[in-house]
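In what follows, chain A forms one complex with chain B and a second complex with chain C.
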Partner chain A sequence: MTSSDTRQPASGTTPSPKSTWPPKLDGWLDAVSRRATAEGILSSILVPVVSALAALVVGGVLIAIDGVNPLSVYQAILQGVFTKSRGFSYTATVATPLVLIGVGYALAYRARVFTIGGEGQYLVGAVAGTAVVTAGGVGDLPRVVLIVMGLGAAMVAGALWGGLAGVLANRFGASIVISTLMLSFIGDSLLQWAVRDGIRDPESYNANSRPITAAALPSFFGQKTHLGFLFALVLVPIAWWLIRRHRWGFRIDALGHNPGTLDANEFSSARVTLSVLVVAGGLAGLAGMVETTGVNIRLGQEASVGYGWDAIIVALIGRLHPLGVLIAGLGMAGLTIGFESAQRQFELPSSLVSLITAFVIIFVVWGDAIAARWKEAR
Partner chain B sequence: MRSVSRRFGETVALDGVDFEARPGEIHALLGANGAGKTTLMRILAGLDRPDAGTVEVFGRRIESFEPGPIRALGVALVQQHFTLVPTLTASENLVLARPEGALLPPGRTAGVRVQKLVEKFGLEVRDGVPASQLSVGERQRLEILRALDADAKILLLDEPTAVLTDVEAERLLGVARALADQGRALVVITHRLAEVEACDRVTVLREGIEAISDGSVDGYTRADLASAMIGTDTSGTITARTTRRTQAAPVCLRVRDVSLGRVSSLTLDVGEGEIVGIAGVDGNGQSELEAALSGRSAAESGEVSISGEPIAPGDPRSRRGQGLAYIPSDRYSWGLIGPMDLADNLELGRVLPIRPNRPARHKAARPSLDHWDVRTAGPHARTSSLSGGNAQKLVLARELDEHPSAVLACYPTRGLDPEAADTVATRLVAAAEAGCAVLWIGAELDELLAVSDRIEVLYDGTLFGPYLPPFDRAAIGLAMAGDAADRARTATGGEADPP
Partner chain C sequence: MDTLFSIATVEAGIRLGLPVALAALGAIINERSGVLNLGLEGMMLSGALGGYIVNDATGSPWIGLLAGLLVGASTGGVFAGLVVTFRTSQVVTGIAFTIVAIAATTYLFQLRWDIGELPPRVERLGMWPLVALTLVCVAAVWFLFRRTTLGLTISAVGESPESADALGYNVVLIRWMATIAGGALAGLGGAVLVNGPLGLFIEEVTAGRGWVALALVVFAGWRPVPAVAGAFLFGLCDAAQLRLQGTATEVPYEVFLALPYVVTLIALVVRARRSHTPAALGDPYVRGAA
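Up next, the complex of A and B:
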């Protein structure tokens, strides 16, 4: 978002190129991933911010209907996130998987590869990583080695899970939306089987794995934030650089804009599709293991908390830009953490957070439509 | 139809055309691509409106051009592209087109309706199978049945035989004759001379004007029709080359027995410094030929090689490395990425693993843009902001800058104004004169006559030729309309095509 090029050719003098531009691009994803113009930056930042505020207003109305003063709720949320010592630490922890998976989604969506399989890849990654670090005979290895092995196994498993959808799409023309969704259900079943049977701790009464404390990620920022957040922070500039300066990023954008031209001139679009699914899957797998070894002590049935789904929203609100994903991930995590404490304090229904995030999405889509129309009218 | 005119923006599709269809007759409407045949029929069917002129159907002047009322008068158009619902059966498609009341009829009633029509008109169509599973011929017959179901008195068939085998095409013309004998008026759009001979009257359109107006088919020879279709005017928009290559050059681009879709077992050589023009009416295998030669699709069989090295399909970077430049027929689908900037588009096919930063990329693109005279706000401009001519020059800049040894140019002047078309042609001729083998697939004969060292005619997936300069316009025109193919068939003794 550095260069802002407002020197567009005078569109009034040339006969509108729109009529000669046959590919009908579905409006808003195009609007967010194209090269930045001053107008584009304005609408790509303004729309999500205004949408988030509007969603909070609607949420406020809902809170008021519940008989609570919305202002005091929001005040409590802000206090919860920013002033309490553990607030930001919690937020960063919740944001970690959202950002890791969200950056993968953002890359895929730039290529118009509409994977929604982050949840399955996350779970498969967690299972594979846990299996490796709790296997017999590895207990004596140094912690660093165990961590690397676990995270590596998780990334490979997630990448395979994502790559499978790519193979199905390239070989058989299967819809990526459908196959990644189905693979997510299979991933969840795999987790249920693993913790009950496959890698169950035989000495535990509950269905969960052996403790993974030997591979636990080091924490910083007080007691909650773990090394994974650092991964997320490092990933953002890497992804940004890939998009702007690496051939792979160029091919991703080219695939999103015109697969036919990519195929005829630069590289096989099928292979770009596969690669982006593998990378997004690997990142989701990494997120699964990072969450398991950073936050939990064992892998249990409840490992699936929906980060893979929420990250879709994070990627979209983050405008498919790594930095945007980071901001959106932190924002969503803050909202979640804040509402959790406010909810207890004011006895509010727990569904309020999801209601408000859903409203954010609706307003973003709506706002983009308005921005596009406004742009066209000028 | 009296002095009907229609223009689309700058393009004049029809310029004061008179046309009549009479009951009991088959009227052939002949013309090359873009002659205005389809536009004329769409106006008659109420799918389009004329800018000037009048249309009368059975003596009633049409005021509002809406498909519904005109269909009620008994005019039916069977379009070139099928308009059946692929998942519905024959009877369901008929019910959909002409429902009887709000409720759907029981399956049996609908089936009886199809059966009656099939028997009445002798058009064999299977019912009970989704339309997508019917053969092309059956789908065509179903389209016609649907028109007849609405009791069409005037039946317009837009290139009905384009997708049919010869046997099916013959059968269809037989059906057309039977329908005419029942007192219906038929109009058959075609670009095949053999089919015109089965009709009663003929109108030939060329660039929106009648070259032959409502003549009796018997009064014209094939050569008359062909020259009316392609014109005799040799002053094209493109500057003709003054010298042509006469002696054979070493072969550069070699095409051996390539088959893909319509194209069957096609063999062709293009020598160094030679421009070979592929003439033909669209839809005779040009798009398959383009896909196979460019490596966009793998050929079903056969091999394309350049300087002895085979071109691997699906690997555009190797293709470029081997020295084959590709100017696609549709630059917006296969040539350019509209939302990206000019510098990015110029880099396609040779993007470095780690790219320079944006200012450096823009700076690197500038000399090339200047050299090829791409008129634009600069390398940072979005490619979709370019006019057609500048967009094509951008493609040329990318493809020709690295001195390829061969160029596959598909309709390189399509959609360009005369000045831009001439520039593009000049650049390609310059490339050939520098030793590049140029294969030029084109639709406009004038253009090919102006630049080619040799012309081959693509008809129904097969090449006819070679035609060498000085070119015999009439002979090429006849070949484009299928005359050479007809004669080849007669010589080998009849129906080669399986039903």
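Up next, the complex of A and C:
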């Protein structure tokens, strides 16, 4: 094929298209996917940290308005994560789907492919995986085989759900933001039907699947953390390597910065769009099955708990960097777990955590704009 | 199935279509000026909560609608501040804006009514006043873009902000105004949903209707009358879904649950290529940068 396809290190040496940059961008992506310069590192770490602190201050004001001392709430949150015996283990468990989906989002957003369909892909993944491991005649298979089959089916289903949005975008020009969202709603309907009728346990009174204990993921670090957390930990360096050292990661960034350079090298940007949606979808599908077999005993109607939405925040706060996604995912999970006990103790509204994390993301967006203006002014 | 194609279903379809129609009209004004408003769902939801609380407090659904309009306009102002003045990414800001609105409305709602406590049903408006209100809005938006200099100016700003600027128009001001107007109509749509067909507020009551409105705008080619027709189609699917949920049919009722979104997806696919997208949609305007 063309020069872009011949084997050459994508990073380290300066790739030829780079001379046609600097890209015409709004400051946000510029700050996010810039190569590591001292200033870049400073702004990419400083902005989210300051934003998180500012959001905690806003949250503190809201707590104070509610008539509770914010400092004692935050102290209780820290105690919930760091001093309770299961705090760490629960945090890792909640962080697992956030990181798996978040890394997929991060890859997509680097290519400026704005999918928000992680929730639907997560659900169809859980349904497909559960259908496979609870099907008749697979019960005698060894646990390892069942686990691999289930996770594989989930990844394929999620990838198809994500890929569908890619096909609609490439062939018909359908907006990815909207199509992935519609597919999420449709995926939720699919789950509702599956547990009520499609793969329902006929002996169960409630609408849920047969038990998936035969394919349960092994757990470690105490009772709660399961193998899925290891997947998330392994995914981070792999994604990092893909972005920094692999042609695919390079093409993703090229698509995000300047799609023209891809076309100039006769490499179809549609293929990159599709591939990134397939990968993000597969990861979200994996997350769905990992959560089902790692945490739950059956797949039920309540499977949609919103990890697919929260992971959007995690990817953005994590600066579209795999390591950042891991840190942001752990941070958000810690806040959630710590707040759970604090909330009961102080009788606070349960939605306060989502409000605080939502404020982080608005402050990050705003902070980036301020940082970009600052640079312009100098 | 004979109950499906009844007057009642059509009426419910109109009622459920009105909020989407209003939000779509808001999105048209917004996007014609070149500002892509992915925060529309959040603005609709904010208007819905504002309209509900004020209706509950005053007992007047009309004041509730006014409140929804004002809340929507102010969220539009915040959004304009971020994307027009601070020039943040419109896509990211829009998504973030909706996430914040979902969290904030849920929080405020939980503060006001504890979990388990039944939030009161508010007085509802009948269908015809709301139909009249929506028709007035459609006519106004149609008139704005077809018959007024202001409408042409908004379109010019969305097509070529540089030229509009060179002719002496204030691009930033016009985009601010368009975004506030878009937010106001979205907020009004949310308030109509709560003070009209539903009569109550629940968490995430808009259930993606703001996103549906955005898809309809593409389907309608940024024209008000086809957008309203699309909204009516969505409302019909929504009404059919609600009607069929309770009844036992051959087809699983989840199919109808998904139907409005499938139809929206199809609409998005059918019309996407033939659309007349404003040329500068999504681009922040920096004076002298081009």
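We take it that the second predicted complex is superposed on the first by the 353 of 378 C-alpha atoms of A that agree within 3 Å, B and C clash if a C-alpha of one lies under 4 Å from a C-alpha of the other, contacts with A are read in each partner's own complex, and residues count from 1 in each chain.
The rule we apply is simple: a contact is a pair of C-beta atoms (placed from the backbone, for glycine too) under 8 Å apart; a residue touches a chain by one contact, two chains touch by 3 or more.
For clarity, every value in this text was computed on a predicted model and none was experimentally measured.
K.L.:
Counting only touches as set out at the top, which of chain B and chain C does A:T261 meet: first, second, both, neither?
P.N.:
first
K.L.:
Does the superposition put A:A358 against chain B (first), chain C (second), both, or neither?
P.N.:
The answer is second: A:A358 touches chain C but not chain B.
K.L.:
If we overlay the two complexes on their shared chain A, which of chain B and chain C does A:Y74 touch? Say first, second, both or neither.
P.N.:
neither
K.L.:
In the overlaid three-chain picture, which partner chain does A:H246 touch, first (chain B) or second (chain C), both, or neither?
P.N.:
After superposing on A, A:H246 lies in contact with chain B but is clear of chain C.
K.L.:
Tell me which partner touches more residues of chain A in the superposed arrangement, chain B or chain C.
P.N.:
Residues of chain A touched, chain B against chain C: more for C.
K.L.:
With the touch criterion stated at the top, can you tell me which chain A residues are shared between the chain B interface and the chain C interface?
P.N.:
Touching chain B and chain C on chain A: no residues.
K.L.:
Inside the complex, what are the residues of chain A that reach chain B?
P.N.:
Chain A reaches chain B through residues 3, 5, 7-9, 11, 14-15, 17, 20-23, 25, 30, 34-35, 244-247, 250-251, 253-254, 257-258, 260-268.
K.L.:
Sort out for me which residues of chain C touch chain A in the complex.
P.N.:
Going by the criterion above, the answer is residues 38, 82, 86-89, 91-93, 95-97, 99-100, 102-104, 106-107, 110-111, 115, 208, 211, 214-215, 218, 252, 254-255, 257-258, 261-262, 264-265, 268-270, 272-273, 284.
K.L.:
Can you list the chain A residues touching chain C in their complex?
P.N.:
26-29, 62, 66, 114, 116, 168, 172-175, 177-179, 181-183, 185-186, 189-190, 192-193, 196-197, 309, 312-313, 316, 349-352, 354-355, 357-359, 361-362, 365-366, 368-370, 372-373
K.L.:
Write out the stretch or stretches of chain B touching chain A in their complex.
P.N.:
Where chain B meets chain A, its residues are 9, 294, 296, 314-317, 320, 326, 328, 330, 332-341, 344, 347-349, 351-355, 357-358, 376-378, 380-382, 384-388, 398, 415.
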